[in-house]
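What follows are several structures.
Shared between the two complexes below is chain A, which has chain B as its partner in the first and chain C in the second.
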Partner chain A sequence: MNRFAYIRKRLILMVFVLFGVTIIIFGMVRIIPGDPAFLILGDRATDQNAAALREQLGLNKPLYEQYWMFVSGFARGSMGDSLLYRQPVADLVGKRVPISISLAFYAMTLAAFITLTFGIWSAVQQGRVADHLIRLSFLFILTTPNFWFGILLILLLALGLRWFPVAGFGETLQEHIWYLFLPALTLGLQLSAVLIRNLRSQIILTMRADYVRTARAKGLSERWVLSRHVLRNALMSTITIFGLQFGNLIGGTLVIETVFAIPGMGQLLFQSITARDYPVVQAITVITAFLVIVVNLFVDLSYSFLDPRVTYE
Partner chain B sequence: MNLMSEQVLHSPTLDLRFASSTGIRKRVKQWRLNATLLTGVGMLCVVVLVALGAALLTPYDPIAQQLSDAFLPPFSPAHILGTDNFGRDIWSRIVYSTRLDLQIGFFSVLFPFIFGSLIGVLTGYHGGKLDVLVMRVVDVLMAFPFLVLVIAIMSILGPGLTNLYIAVGVVGWIPYARIVRAETLATRNLEYVQAARTVGCSTARIMLKHVLPNAIAPALIYVFTGMVLAILTGATLSFLGLGPQPPTPEWGAMIAEGRQFLLLAWWMTTLPGLALLVIGVALSLVGDGLAERR
Partner chain C sequence: MNKKWLLIATLLLLIAALGACAPSATTAPPAAATSAPSGATSAPVGAATQPAAPSSAPAATRKILKMARNAEPFSPFIPWQIDDNPALFISVNVYDTLLRTTKDGVSVEAALATKWESSTDGLTWTFTLRDGVKFSDGTALKASDVKASLDMARGGEKSGWKDNYKAIKEIQAPDDKTVKIILSQPYAPLLSVLAMFSGGVLPADMAKASDAKDFNNDNAWKTKGTGAYFVEGWKKGDPIILKRNPNYWKGTPQLDEVRIEYVPDDNTRMLKLQGGEVDLVDFVPFSQIAALGAQPGVKAQTFTIQQTAFIILNTEKPPLNDVKVRQALNYATDKEAIIKTVYFGQAKFMNSPIPQGTYWDKSLPGYPFDLDKAKKLMSESAGKDGFKMDMQVRSGNTNFANTAVILKDAWAKIGVTVDIQTLETSVVRSNYRAGQFMSTPSAWTNDMNDPTQIVNYAMRGGASPFAYWTRYNDPAVNDKITKADLEQDPKKREALYAELQKTYLDAAPLVFIAYLGATAGWRDYVQGFLIDGLSYYRFEDVKNNK
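Let's look at the complex of A and B:
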């Protein structure tokens, strides 16, 4: 199968998964016994506003019509009104999506640097002190919650050494980069903690391959062998793991935003949960799922660029 | 017959190479223990003992307030790890929270493990339409960021422990199903399974007695990773106020409470996080150690 046929197949699968995702989000409030309007409103529910909500969400219509309203609304970019702010969800969420995505990509960039540096270092120094230290440190990072790690960085680097601001987002691009450094570092370190384990073992495995021995025998420098022959092959599986981890990165981003007071989707999500603002929760859940699907599509496609031998079945 | 005896000779329990060594060395070799596993098990034993003996180890009630003793730093005469803004003893709160967090780790994994393994063996053994259907459901659930889906479910069910188990369980079974399915695919056509079929064993018996025991080991190893994830998720939810409600001591909630007093009392946030670190490292080492053994 060539690349284009594969892309077509993946896109069809993607539509199917998106359909499943909307079904789940749609079904979530409706599958639980009881009146969804009362369920969504919780303590705030009165007969009157429950009736209004039923009207707004179309809960008094047949299920298939409700689902059509829900999906077509999303397709048009209108996701209903927030119950708390009384404004369209699309406006509320729309402003915040770019902030969260930039933070996630910032974190990915840092993670790439950290993973490559320490992954290669650890593999080259296999079994020596540096290797053990790197593995131990990242095991620690892996097993601590990111919000705690973020607070620790605030204590040390923002409150202690005063190198970075404690919280906030800044005004200009330079300020953004400076303000978002600590949250991005927190997320990046945690992401690398997973990736380094994989990259290290992959590099060690690849170093034993025949073509690496050949490359060395040809008299290529160790640096060249490592970057051109070993790394390119070792990265394949690390990129797969990255795709699988992207969901965790997004989830982590939302949590970290609350720690560093960044006005992204996370803050809105947690406010909305406390306020039982269900349409907002719904919208954010769908958007994050969509991001994960798209990123994993790119990950799958990247294989053929990294390794020309890859054919898609 | 030949095949049978060959299998028996190659099974690890009858490994004759170490028969001559004696004592602990023999045990270590027999059970294929390694430093990672031993360290992990040791740490985990300590954590479990602390959880079980909470009442003996703590001089104070974890929720008893003593406002006159608020914000005492660590190594104060009466409070080894200091006190929080309500004058509650932090050591006592951390120790009692160990119980809760271990419980979260255990129950969030138990049911997904059982359900996922059964689904895995069922789809792997039968294949066909059921397999395709389940794998598509897996595709869809994997599209959600785990934490976001858990939070969305909790937002409907409301905060609390039982709801936490449900929310984590909705997605939690997937890794076990995938792992066991893959192992089952590798196992289902081996000689002993064919033999069982020839003798006329029922499908259910073959799946549960012949295939599952041989396919379950990697899933069991993943249990420890799953527990770390569950405990971190539990702590995150309670950090966000969706977990066990105050004044119940829970590490995530303690970290959240300490946030407002970062400059005044750094110990309120840092110490509960260290407790999470210990339990996480212990479980990870056990998982890594078991994986190394294979």
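Let's look at the complex of A and C:
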């Protein structure tokens, strides 16, 4: 199967996966107890007020009808209205999705740099002080909850050294990049903590391969051997993990966006779940699922670029 | 060949990442193009297409106050449609009421009305409007605007506060300067009700339009009031910008702009203040008041507001239907220990069922901690063999959770086994509305200085909200509440409220714990900031001397 046929097949599969996601999320937000009408109206609301609001919001319709409205709306490109804000969900989510995606990609970019630098360094210095230090530091980062690690970075780099702002999002593109650095670094460091361990062991393994000895025997420089012969082969499994971690990364933004006061999707999702704002929760979940699927498709495609022997079936 | 593909893929990824940034960048004002500091040029979405009203002060001396808040509004800025504090705090800065509550929160003073008098039967009230009051867009305030707004507050489809205006039969605007309010029966708390935020005055056309089913809330976030500030528009996720109202009747406010951003994490909010990124923060955790105030250049304070913290008891669930059990629980509660460990000393002993506002009886003893008395009461009660009781705690509220832990320990000493159940707020709410609970921690804040609101909510039984969901129902108390609302003589009213406070305290449908305060922190160059008795803050007198 060639690459394009493979993509076509994956895209068709994606429709089914997303369909499954809609059913699961639609059921889940309704199984958890809590009446949105009382959450919106507050304690002072009477039962009549709540009934009137449920009627107005369409919450008293049969579940299959509500589900049909959700799915058919989505298919038409309409995500409905937020129960809490009485605004189109698209208006609420539209601005936030790019912010969270930027943050995730920013974090992935930083993670890639950090992983390559320290992963290679650690492998080359195997068993020496630098190797132990790197592994120990990233073990610490890996085991630290990210909200706490975020605060730690704020104290050190924002309040102590004053290199970055404490929190917020900024106004211009330059400011966004500057403001998002610390949250992206928090996420990026935690992601690379997973990746570095993998990359290091892969490099060490690959360096023992026969073709690497041959390359060295040809008189190639160590640097050339590492970059041209070792790294590409070692990267395969690291990239797989990299792609799989994207879902986790989006999950991580949920907490990090609250700590760093970034008006992204995670923050909205958290508020919406608390408020039982069904349409918003549904929209964000489906969008996230879509993103995770797309990123993993890209990861699968990248194998064939890294290793021409890979074919798709 | 492969190398080229890898390069292209990487580039595409980068472009995608940058492209994702772009939409939010286009909504930003052209701050980078000007040489002014970025804070000075910041504006909400929409500013790019609709330039802000030129300020009288040159850019260099523009006074801006930056604030970080713990929550974002969800109600539209239409006073009678508001049901959340963040929206309410904006509303009191942009919309005025006929009267307003004094800063100490115990009486009312003139605002849009300068004079008022009632007919001898107490049924007709005549208000004279202040001269020269203008809306933020420059149009003059007329009595018809007041009539339209109050008519919406008391009868609008979307009004959440109708109950407070039940006594009003009709509102008339005989001329541009006079508002007549005709009551169906004498109603003593009328002036306090008119000072409530829900009676904020909008231009008549906007007030009427806001009640339409298809009214777009985007129009509500573009305010047109007579208050010290106005909002040009707001989108969720953006900072809220209060702009100075050049036509404000109390004189031009000191600040050109108040910029309120949403920083939900308590620690981050405090760090932003310490780092000087904002000038003012609200909701300083009680545990951090002392440490924050000790920072150089930072002040932190707890303000007295009309707020109470207590435990709701379901008086229908045995053995809580026995008053002695409820009193025993009250005596077995060490309030001072809770005030010290949960509220870090930033709260006061609660001696009466109502907050420290008008007609609060400061002579009442409350339930001082007395374990022996508690044990004695228990031994004489239906709960003498001990019992098990659930306490439903709203997740995420650390103060409630810590209180519950202390109570579990304290009440074990009188044979009560507390089963702490941490549940989501919505679940706790549904449960107490349905009567499916035995106890749950809660808190109340007065929305008006008069006790009628808390007394009707917490003491009147028989119908929703069933005396604050305690299901306490004493017909004699219900009658007295009605009588207090009708009584015109302040002295006699005070006596009635004193009796009500005493009766309710003795009946103990709640475990009375503490009077709480509201906290804030600010840089020392900010002057005049104050949280008033009803927990509102107005920026009209605040200065930024930076």
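Convention: the second predicted complex is superposed on the first by the 273 of 313 C-alpha atoms of A that agree within 3 Å, B and C clash if a C-alpha of one lies under 4 Å from a C-alpha of the other, contacts with A are read in each partner's own complex, and residues count from 1 in each chain.
Throughout what follows, a contact is a pair of C-beta atoms (placed from the backbone, for glycine too) under 8 Å apart; a residue touches a chain by one contact, two chains touch by 3 or more.
Small disclaimer: the values here were computed from a predicted structure and weren't measured.
Asks: For A:248, using the defined touch cut-off, is the partner it touches chain B, chain C, both, or neither? Pick first, second, both or neither.
Replies: Touch status of A:248: first partner only.
Asks: Just to be sure I read the superposition right, which of the two partners does A:21 touch: chain B = first, chain C = second, or both, or neither?
Replies: Only chain B is touched by A:21; chain C is not.
Asks: Let me test your reading of the model: by the given contact rule, A:105 touches which partner, first (chain B), second (chain C), both or neither?
Replies: second
Asks: Which holds for A:140: it touches chain B only (first), chain C only (second), both, or neither?
Replies: Touch partner of A:140: chain B, not chain C.
Asks: So, does A:258 touch the first partner chain B, the second partner chain C, both, or neither?
Replies: So A:258 meets both chain B and chain C here.
Asks: After superposition on the shared chain, which partner residues are touched by A:276: those of chain B (first), chain C (second), both, or neither?
Replies: both
Asks: Contacts for A:154 in the overlay, against chain B (first) and chain C (second): which applies, first, second, both or neither?
Replies: In the superposition, A:154 contacts both chain B and chain C.
Asks: Does chain B (first) or chain C (second) touch A:58, or do both, or does neither?
Replies: It touches nothing on chain B or chain C.
Asks: Touching A:73, do we find chain B (first), chain C (second), both, or neither?
Replies: A:73 sits against neither chain B nor chain C.
Asks: Would you mind listing the overlap between the chain B footprint and the chain C footprint on chain A?
Replies: Residues common to the chain A contacts of chain C and of chain B are 32, 39-40, 42, 147, 151, 154-155, 159, 258-259, 274, 276, listed in rising order.
Asks: For chain B, which residues are in contact with chain A within the complex?
Replies: Counting only chain B, the residues touching chain A are 136-137, 139-149, 151-158, 228, 232, 235-236, 239-242, 252, 255, 259, 262-263, 266, 269-270, 272-273, 276-277, 279-281, 283-284.
Asks: What residues on chain C touch chain A, complex-wise?
Replies: Its residues touching chain A are 2, 5-6, 9, 13-14, 16-17, 20-25, 27-29, 31-32, 38, 42, 68, 72, 74, 83-84, 160, 163, 217-218, 235-238, 261-265, 267-269, 271-272, 274-275, 277, 424-427, 429-430, 433, 457, 464-465.
Asks: Under the stated contact criterion, what part of chain A meets chain B in this complex?
Replies: Within the complex, chain A contacts chain B at residues 13, 16-18, 20-21, 23-25, 28-29, 32, 39-40, 42, 139-140, 142-145, 147-149, 151-152, 154-155, 159, 247-248, 250-252, 254-255, 258-259, 269-270, 272-274, 276, 278, 281-282, 284-285, 288-289, 292-293.
Asks: Can you list the residues on chain A that touch chain C in the complex?
Replies: Within the complex, chain A contacts chain C at residues 32-35, 38-47, 84-87, 91-92, 95-96, 98-99, 101-102, 105-106, 109, 147, 151, 154-155, 158-159, 162, 165-177, 258-261, 263, 267-268, 271, 274-276, 298, 302, 305-306, 308.
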